[in-house]
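Structure provided below as structure tokens; questions to follow.
Each chain carries a letter (A, B and C) given by its place in the written order, and its residues are counted from 1.
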Amino acid sequence: METLTSLILIFIGAALINNFVLHYFVGICPFLGVSRRVDTAFGMGCAVTFVISISALLNWTLTYFVLRPGAPLPVWVWQLAGGDPATQIDLSVLSYIVYIFVIASSVQFVEMYVRKFFPPLYRSFGVYLPLITTNCAILFGSLEVMKHLQDPTKLWGLHEALALAAGGGIGFTIAISLMAGIREELDLADVPAPLKGAGIALIVAGIMAMGFMGFTGVEKGVAGAISTLLR
Amino acid sequence: MDNSEARRGPDSGERLRGTMGDTHPKSGYLRQAWLVILLALVYGGALAGVQSTLSGKIAENKKDETYSVIPSLVSGADEAKTVELVVEGKNGKEARVYKAIGADGSHKGWVVPAGGQGFADRIELLIGLDRSLATLTGLYVLDQKETPALGDRITEATFRDRFRGKPADRPTVMVKSEPEADNEVRALTGATISSESVSAIVNETLANLREPIRQTSQGSAPAAGDSGDTTG
Amino acid sequence: MAREDPTALERFINGVLPENPVYRQLLGMCPVLAVTSAMKPAMTMAGATAFVLICANLVISLMRKLLKPHLRILVFTLTIATFVTIADKFLAAYVYEMSKQLGPYVPLIIVNCLIISRCEICASKQSVGVAAADAVGMSLGFALALATIATVREILGAGTWFGLHVLPESWPGWGIMVLPPGAFLTLGLLLGIAEWVSRTQARTGLWRTARMLWSWRR
């Protein structure tokens, strides 16, 4: 039950308390660019959630078995090649390159899949689907997972990595859909000319961030509530 | 040619053409990818060079982060003589603790890393204990993301010093007025939850690790000048 | 393009204000909001981004004749990721505290749209000198944007600039400026100001705009 509690906390933490867009400032480009209409925004959010989960899964596997200091696979390969089993092998310097490749490939696969099976969705995405590769939120998800695979006494399992990634993606979807709803109304409002577009969107985002700050400190209460519920 | 490129993301059109699955003969890929493969090897070599030159310095920086604080937590400790131990806590998880040794080789005290949930995010601490694990000798905040100007005042010496001399065998309690019992500590005004989180982390860690540390230290050979170690 | 490609000097000047990466092109927003709570991390990030941008532009420009059209994005990404890793390791080795404060935002330079777009638009087509001038100009523009936002946030939020007190101790410090909402609000308002200045300047010329601003002090 402690695992389930910690999973739920990680998920809610990534989705609401430390929202990827409004607290960590990742994924701002699509947040400002795609949030004009609620349906495109929601679609983009779902695509981002999907890609972030897949890439977190793949990157966790690669980091756990190959890239972290003290990973088992490189030592095993080195031993097979006849090397001294006691040597320390640290491939973590290749982490960023591997992560960005995995992300680019995941986006390619998602693109091919959506083009084949959901052509109208593919057309409505247009140019923004390949641009998910440069979405900071996806790389950020993988970086957070890497952060928790550094200390050998406190390694995150695949379930925790997926909870974080899915939570982050869903938090992004919530934020972008809220922003799209507000911007749809804002189109009819009398915004001063210099602030039209990105300016007013950022100010609205600031107010939303203030709102989401209300979630700070909720973790303790949620942890208590969950343990009461599950008992 | 799409002239409808938006002003933002000016390269998106060209990227679109580049990555949108134009058909290419599969055999040509390997021949055309020679540059990518060559670059991968060159860059890999460069990174390996950077890693071998700098990893020593980086590991030292990480270690220094903890070690440089030890003399301020346990008086008389020499940071170069610190011994690292791995202890299994009562919760079954392993933890790294530091035995603070003085310049003359005598055992001065212990430094225990601790961490837990604060108000906003995780708080990482270092707890200083005396040799017999009976009193707290100091507290240091390694990492925190509390509210600026309110919760982040837990890093100030005025707050951390309130923990000095408090007993380590009973939980410390945060109070808003002047402390009366010897295990009471005055909380920060306007940062009650952050203060209570710090004391909760300290209490939890000490309850988890105090006995295991004592058992480990008594089980191993006593350090030089250690004969005065009481079991109190 | 019908007109001639801009020269190196033109590209350099272009990158600083007229096509400022943050205020005009709206690229690289993520680090701009994240590290500008104080001047020191902002300038460290500006330096790291400048290093990656300049090195990547130079290397890509040297290789530009060898790039295959459908693999070029791969090459850009590989190059940028390598330089970012080098920058990250250097920061961790020589300014460890700052590196910890910047945290995951240094590796996020890899997906900074600014760098990929400069590689695509300029470095892969122009000679080394022009690409270098473009990179230096854009880096200066980026640093300028980071500096303006960080100045506003640090002075209003903590009363300091680069850690030195510039406002009296009695200044309460607008905590909100150091927190996420302050970042969004500051950038939004500064974008509005930049947009207004650019429109007025386009309409009435730079000298008239300056005179108009000066006359408002009364």
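Points worth noting:
By definition in this document, contacts are C-beta pairs under 8 Å (C-beta built on N, C-alpha and C of every residue); 3 or more make two chains touch, one makes a residue touch a chain.
Computed from a predicted model, the values in this text were never measured in an experiment.
Taking B-C and A-B together, the pair of chains sharing more C-beta contacts is B-C.
Nearest to the common centre of all protein CA atoms is the CA centroid of chain A.
For this pair, chain A with chain B, the centres built from the Cα atoms lie 24 Å apart.
Chain B and chain C have Cα centroids separated by 32 Å. For chain C, residues touching at least two other chains, in rising order: 26-27, 73-74, 78, 82, 85, 89, 113, 116, 179.
Among the residues of chain A, those in touch with two or more other chains are 93-94, 97.
Each of residues 8-9, 15, 19, 43, 47, 50-51, 55, 147 in chain B touches at least two other chains. Of all residues in chain C, those touching chain A in their complex are 26-27, 29-30, 33-34, 73-74, 77-78, 81-82, 84-85, 88-89, 104, 107-108, 110-111, 113, 116, 176, 179-185, 187-189, 191-193, 195-196, 199.
Remark: chain A residues 22-29, 32, 93-97, 100-101, 104, 133-136, 138-140, 143-144, 147, 192-195, 198-203, 205-207, 209-210, 213 touch chain C in the complex. Within the complex, the chain C residues that touch chain B are 25-27, 63, 66-75, 78-79, 82, 85-86, 89-90, 92-94, 96, 100, 113, 116-117, 120-121, 157-158, 173, 175, 178-179. Contacts from chain B toward chain C in the complex involve residues 7-11, 14-15, 18-19, 22, 24, 32-33, 35-36, 39-40, 43, 46-47, 50-51, 54-55, 57-58, 61-62, 64-65, 143, 147-150.
Chain A meets chain B in the complex at residues 18, 33, 90, 93-94, 97, 108, 111-112, 115, 127, 130-131, 153-154, 216-217, 219-220, 223.
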